[in-house]
Amino acid sequence: MSEAISNGSAADADLARKARNERLASRIQKRYAAERRFKLLALSSVLFSALVLAFLLVTMTANGLAGFTRAEMKVPVDFGGAGLTVSQDRLSQPGALGALENAGLPDVLQFAANEAYGPQAAAELGASAWRDLASQLISNPSMLAEDTVVSVPVSEDMAAAFRGEGNPELQSLARDLEAQGALDRAFDWGFLARADATDPQEAGIWGALKGSLLTMIITLALAFPIGVLAAVYLEEYAPKNKWTDIIEVSINNLAAVPSIIFGLLGLAVFLAIFPNYRSAPLIGGMTLALMTMPVIVISGRNAIKSVPPSIRDGALAIGASPVQVVFHHVLPLALPGILTGTIIGMARALGETAPLLMIGMRAFVATPPDGFTSPSSVLPVQIFLWSDEIDRGFVERTSAAIIVLLLFLLVMNGLAIYLRNRFERRW
Amino acid sequence: MKMNNPELEGQVAGFSDAGPAKISANKVSVFYGEKKAIDEVSIDIHTKYVTAFIGPSGCGKSTFLRTLNRMNDTIPSARVDGEILLDGEDIYRSRMDVVQLRARVGMVFQKPNPFPKSIYDNIAYGPKIHGLAESKSELDGIVEQSLQRAGLWEEVKDRLSDSGTALSGGQQQRLCIARAIAVDPEVILMDEPCSALDPIATARIEELIDELRGRYAIVIVTHSMQQAARVSQRTAFFHLGNLVEYGRTSDIFTNPREERTKDYITGRYG
Amino acid sequence: MWAFVPAVIFALIWNAVSPNLVMQAVLSDPAAAKLPAFGIGRDSALAEAMAVASGHAQGVFNPLARELVEPARNAMQFYSIIGLVVTVIIGFAAGVFAFTRLRPDFTARTRVERGVMLGLLVASLVAILTTFGIVASLLFETIRFFGMVNPIDFLFGTQWSPNPMGDPAFTNSEDYGALPLFWGTIYIGAIIAMIVAIPLGLMSAVYLTQYANPTFRKWMKPILEILAGVPTVVYGYFAALTVAPFIRDVARSVGIASASSESAIAAGLVMGVMIIPFVSSMADDSIAAVPSAMRDGSLAMGATKSETIRKVLIPAALPGIVAGVMLAISRAIGETMIVVMAAGAAANLTGNPFESMTTVTYQIVAMLTGEGSFDHPATLSAFALGMVLFVVTLALNFVALRVVKRYREAYE
Amino acid sequence: ACGGQQSSTRDQVKAVGSSTVYPFAKAAAEEFARTYAGQYKSPIIESTGTGGGMKLFCGGVGTEHPDMVNASRRMKASELETCKANGVNEVMEIEVGKDGIAVAESKEGPTFGLTTAQLYEAIAAEPYGKANTAKNWSDIDPSLPNEPILVYGPPATSGTRDALAELIMTEGCKTDSATAALKETDEERFEAICTGVRTDGAYVEQGENDNLIVQKLASNPEAIGIFGYSFLEENADKLRGLAINGVEPTYDNIASNTYPGARALYVYVKKQHLDAIPGLREYLSTWVSNWGKGGLFTSKGMIASTDEVQSANADVVTNMTLVDASKLK
Amino acid sequence: MKMNNPELEGQVAGFSDAGPAKISANKVSVFYGEKKAIDEVSIDIHTKYVTAFIGPSGCGKSTFLRTLNRMNDTIPSARVDGEILLDGEDIYRSRMDVVQLRARVGMVFQKPNPFPKSIYDNIAYGPKIHGLAESKSELDGIVEQSLQRAGLWEEVKDRLSDSGTALSGGQQQRLCIARAIAVDPEVILMDEPCSALDPIATARIEELIDELRGRYAIVIVTHSMQQAARVSQRTAFFHLGNLVEYGRTSDIFTNPREERTKDYITGRYG
């Protein structure tokens, strides 16, 4: 422990340092300017992405809101005086629709419209206007005794005319009716309850939505357990050898394989095994499950990896077996992470279009599917199909369908974010 | 173990004042892949004594400790040669189940690692998986007793359902000790149990170790010679994978036989 | 959970198997002897009987079926009760089984554990099976295609104008030069999209990891991730209706007359935006994986933050970033709907981003949903294109994995 | 149960095939569903393209195979053979109407007419065997506007394109006698010259029913579009048909075959399924009862066939006549 | 700093044999959020001396060290009270720029952290960002000189373009010291610079520190009292965020004034 002090060139060193400090000071402004520029650049990147997203959402919403409405005509109908031979009680029994039809409801409606606005307008009632009216009656049988004004959808030509497109004669008729307060756009709850149709006035999203839900259930039921189990295996037990390497490479690769190739797989394999289930959510779900599974495996592995080894050591040191360690400690702790990955994978599957085009889920299905094996479409494919429709009434419907899809995705993403924030742990 | 000192042999074989060895290691070598981390170490460990492993960083203290309850099995590259007898039975070669072994040889780690479960569940976990309690009330009894022995009962008895991770560092470490005690092991291994704790918590754990040694064989790894001097009755000094010297703590600290031990203790390296 | 999963699996299997069992029971009924020996008439009669029996249909349409309704209904009930019972038993057994796992019994435990392990192994083999499935489903048709079209012409020819409607006998190998498709794919997915995604993604990651305060980061990161979650049809629609016309107008107004309203650049830009979060989250991870000691080391030298980022963090994270970019590229070249909706179908071998271009994925969809007959080389070319796509993604991934591995090792 | 293996309940008609016929098939399906509400389920119509549809259709007999295929061209002899090989040996062919190909432009654009030869010269890859160098319409004929050639047309994979090649391009191409003579000597070369479409950007492939086309034509007033007549009709307020060989693309001109671009649309049905699939007969009758002029299909843009053709095909449905293999190419 | 001992005041203010203080801390407190990690510490640090900070784990040694070149700025929750003067200028309150400050007060960390660049670039990094070299040859000169001063030149001169991470642990640590020297700082702070190294590499670094103190003020944090005794001339003993005692190393180790210091040095805690 010497206290010796070296003297040597202390003065030189001080001089050199002074020079250095001056040099430093002279550059500092420039360096800080570069710093600010860089930071600004980085910030603008983030903001740019956020702006694009906002712009996308806003345009879609702006375009799509009209898609939730449809043109309807207000027709005064005196049911009491029309002599419909259906009792109010009959309406609460099955087959009421047929009874109303037999009783001449379509004609009553036609007649009432003719009376009110003339034959030309009456001809432009929607093809299923009377059905719409019938369901109003069924839900509210007391109407049968009243003289009231009902709202029913108009034909697609009329709807186009009302938008200011198509046939000029109809356009002027539409303007007349509008001036009388007989033609209006009304919120169309039925859009959320009906299935696909050729007439945009009649088209609804429920068929595709239900198809999507059924498909997602299959996807989840297959991809989640397989994905989680595979993740557990690879992360916790797999010995390091060629085989596990191959498994690992295939999983990572599958996560990046273009989705359309899964469509080709579904076409060649699943449809060969289950030819009866073309267009069915079962096949769609299986195809998407293969696509989603690697995503779940990868996120599952990350979640499992992030469980600190000290927890495993702790359990092992008490005498828990490796399987107990995983199922009692690791999996419960990794679950939020796994769920987040699953939701994100599912969200992607929900928006997937191309592979489903390959396995027949682009079929026109006029009734919502009633099970996993009945033909159906899914939301994104419906959007794609509608965007390709000739009838321009579908433009708004397409955007409305996009809103529905986006809402779904936002909810799913929100759930993932919630899970992540809620359960994010630091050990 | 390379015998640098012929006298050491007798010393390792047994202490005059102790009964038969609880754990007896014979020429144990540990390899990580190609690398030899422990070189033919032989040592006897006795019940009712605290044995401290000291030595500079990287000398193999932790490695050797973990071979004693086969926690090394979790490291794929690790390989153990030689024999380790627990009550005369070889824990590596015999048909002894590693799960049962670990129930008999408990372990406490450097960083307290309570499960992110309630305090109660932390303690009850071991008895549950080993089927040690027939009934809920029996389990309750085990939990209370373990916490009491670990000197934690008074502090946590009103909040057994709080998460174990919500405790302070020192409490967490005592919780981990209680967790190890709950399956009523015969040996407790501790790898630097206080190095993540503040001095007050450290003192509390040291006291606890002293209380516990009445029932268990305790092995503690520490990087602090002071701590070894305070808590242990036997000290083993490791260096570069060798067991350089093993003996009564008082002898090692006041009168080391080996030059290397002396240099280490007087701070010439480490 | 442990009771639930096996039960559900059984229920699914049972649902697939039981109709056959019911069918056998029905066929063993004397009334079935009257059915035609085979053909769709027989099938439909049986099917109808089933439908009526299960309550799917009301009336009977085929007289032969009528007599079968009753036996079918009985059989169906019988088997559905069996199915239900077995499902419940399995669920229960699995629950018990799970419970016993807590027991200390040594042999039982090892047996259970071996079973669990097997289950886990099988689950991870699904990935390999899928890969096999993909290769198998592409390989045969690809081979058939190469029987009609010379692979060299396919891979290196510069003219893509197959005529799916033409006579397959007149197949001209030279019309199947896929180079313009490969070029379009690379140009849109790997060049234009990356020009957008790499700087924006990287800089976003830099901002979020290095500059943003925690609340901003907490909100912004998921918001960016939404960009990756928006379905590609929506992007396609957006690209086709909003971005493409805008770009064309801008290009025209600055005097690029050839600007078409389905341009490579419109598809590429939108695709780029879509994969920003892809790049940014990979970059985010790999920047965060750079040990903080590196950052501290640089700051302690008196470097400013941006100097630290540019000179130390990004170079150190580069392998991870590169791997992320590879994955992003493989995502981009596999993207279908945006191209289908916005990039047009013209197989142009050009560098002009304002012209329309087409990609491999677009052609796969077009050929498979088109009007050509199914053994026409044009239709088969879809499989060959799929094969190329698969091989390329595999290669990209392989490289990416290698890079990631190498760089993980560097720190560990 | 060898036959029973695959059998499951299918109580819905399943049709696949052409995207051109798809809207009419959908309309028929809806009409069918309305008429037989509560009795039969609505048919499933899938637009797979004619070729893809044929593949599925000819896959075999049984509930897992579709009952009908919609086609925007005639079935090929080779396809019928595949059908037969798979046990589909009773196929009925029904011509349901006609589709016109219309050439149109935005109402803002310059009005001009074209001949089939001019159109051919504008969009062919090698008009009459020589590379296509025409940049502007006036390069083809000085009387045409001095505007760049930009044609939005159907992609190679569509039936409309097939019709374009056959009805317009090949016609235009044959006006050159040397080229026409090639048909006999070197058919392959003839096909290549007459049906190959230029890929230098002047011809832009675009989905036929795509609404984007309208927007694109509106924003490129000098461009012209080629698509199904129904599309023109639907967008009559924005688009104007171009006269070909002096004939306007109107309903009557197409129906009477004076407009050059019209082709027949077909559906093919498995007779073997008629008894097995509930509703299939009725669905066919729905086609027959709606295909008249002023009927449901024409309101969606289909061109009705002539009365003789209609009655002949109505007979096919009632008599369940099978297709004559020798008439197919 | 709470003055437990009135005599200490004079002692802290200056040593009779040293010039003016290079760094002078006055009543510095550091908070992490609500938690006070350093409690009113005052200390003077002189050029040409090695000052060692010792104390039990968690007592705030690293925290205090990092306040001296404002590396604490990188921890969002950290807050500093009091004043720290470098050559009489307050580094927190004055207009002194943090970038410049760090060029003047260099730092070496516990774990060697060379940049994943070539050896040459590791050293050249500082001079380059600060614009200290006009030309390539000047830069070459700085690199060579720094490596020489850090005693690494002979070992690496033939492989300057190899990656810095390819060196051994001890070489890496010397590389980091060379890197710090390259911008010619006035003070070098070292936070447990040897704790990740083996005894031989440790000895080499300790030698180097002794050589360097001729030009710089050196502050070294160590958990090893032996190391403090070997390398330093001044020792500061911290406990629970307080500076308990500061003085000549020889005095502190042989003749501590405070009971706590004595207890620590004789191994009663820590």
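In this document, chain identifiers A, B, C, D and E correspond to the written order of the chains, with residue numbering beginning at 1 in each.
By our rule, a residue touches a chain if its C-beta (ideal position, glycine included) is under 8 Å from a C-beta of that chain, and two chains touch if they have at least 3 such contacts.
Just so it is clear, the structure is predicted and the values come from calculations on it, not from any experiment.
Participant: Show me the overlap between the contact partners of chain C and those of chain D.
Facilitator: The common neighbours are A.
Participant: Quick check for you: after a Cα superposition of chain B on chain E, what is the rotation angle, between 0 and 180°, in steps of 5?
Facilitator: To map chain B onto chain E, rotate by about 175 degrees.
Participant: Which chain's mean C-alpha position is nearest the mean C-alpha position of the whole protein set?
Facilitator: Smallest offset from the overall C-alpha mean is found for C.
Participant: Looking only at C-beta pair counts, which chain-chain interface has the most contacts?
Facilitator: A-C
Participant: Measuring from the mean C-alpha position of chain A to the mean C-alpha position of chain B, what distance in angstrom results?
Facilitator: 56
Participant: Where the centres are mean C-alpha positions, what is the separation of chain B from chain C, in Å?
Facilitator: Computed value for the inter-centroid distance: 52 Å.
Participant: With chain centres defined as C-alpha means, what is the inter-centre distance between chain A and chain D in Å?
Facilitator: Each chain reduced to its C-alpha mean, chain A and chain D end up 34 Å apart.
Participant: Going by the touch rule set out above, which residues of chain D reach two or more other chains?
Facilitator: Touching at least two other chains: 6, 8, 10, 47-48, 63.
Participant: Taking each residue of chain A in turn, which ones touch at least two of the other chains?
Facilitator: Expected reply: 31, 321, 324, 387.
Participant: Going through chain E residue by residue, note those that touch at least 2 other chains and give them in order.
Facilitator: In chain E, the residues touching two or more other chains are 99-100, 103, 129-130, 183, 229-230.
Participant: Report the residues of chain C in contact with chain D in the complex, numbered from low to high.
Facilitator: Contact set of chain C toward chain D: 19-20, 23-24, 27, 37-48, 50-51, 54, 56-57, 61-62, 159-167, 170, 172, 180, 240-241, 245, 248-249, 257-258, 260-262, 341, 344-348, 350, 355-356, 366-376, 378-379.
Participant: Enumerate the contact residues on chain A facing chain E in the complex.
Facilitator: Spelled out, the residues of chain A in touch with chain E are 1-3, 5-6, 8, 10, 13, 16-17, 20-21, 23-25, 27-28, 31.
Participant: Which bits of chain A are touching chain D when the two form their complex?
Facilitator: 95, 97-98, 127-128, 165-168, 197-199, 275-276, 278-279, 360, 362-367, 373, 375, 387-392, 394-395
Participant: For a test of understanding, state which residues of chain C touch chain A in their complex under the given definition.
Facilitator: 5, 8, 12, 101, 109, 112-113, 116-117, 119-121, 123-128, 130-131, 133-134, 136-138, 199-204, 206-208, 210-212, 218, 220, 222-227, 229-234, 236-238, 242, 273, 276-277, 280, 304-307, 309-310, 327, 330-331, 333-337, 340-341, 361, 364-365, 368-369, 382-383, 386, 389-390, 393-394, 396-398, 401
Participant: Inside the complex, what are the residues of chain A that reach chain B?
Facilitator: So the residues of chain A in touch with chain B come to 239-240, 308, 310-321, 324, 328-329, 333, 425.
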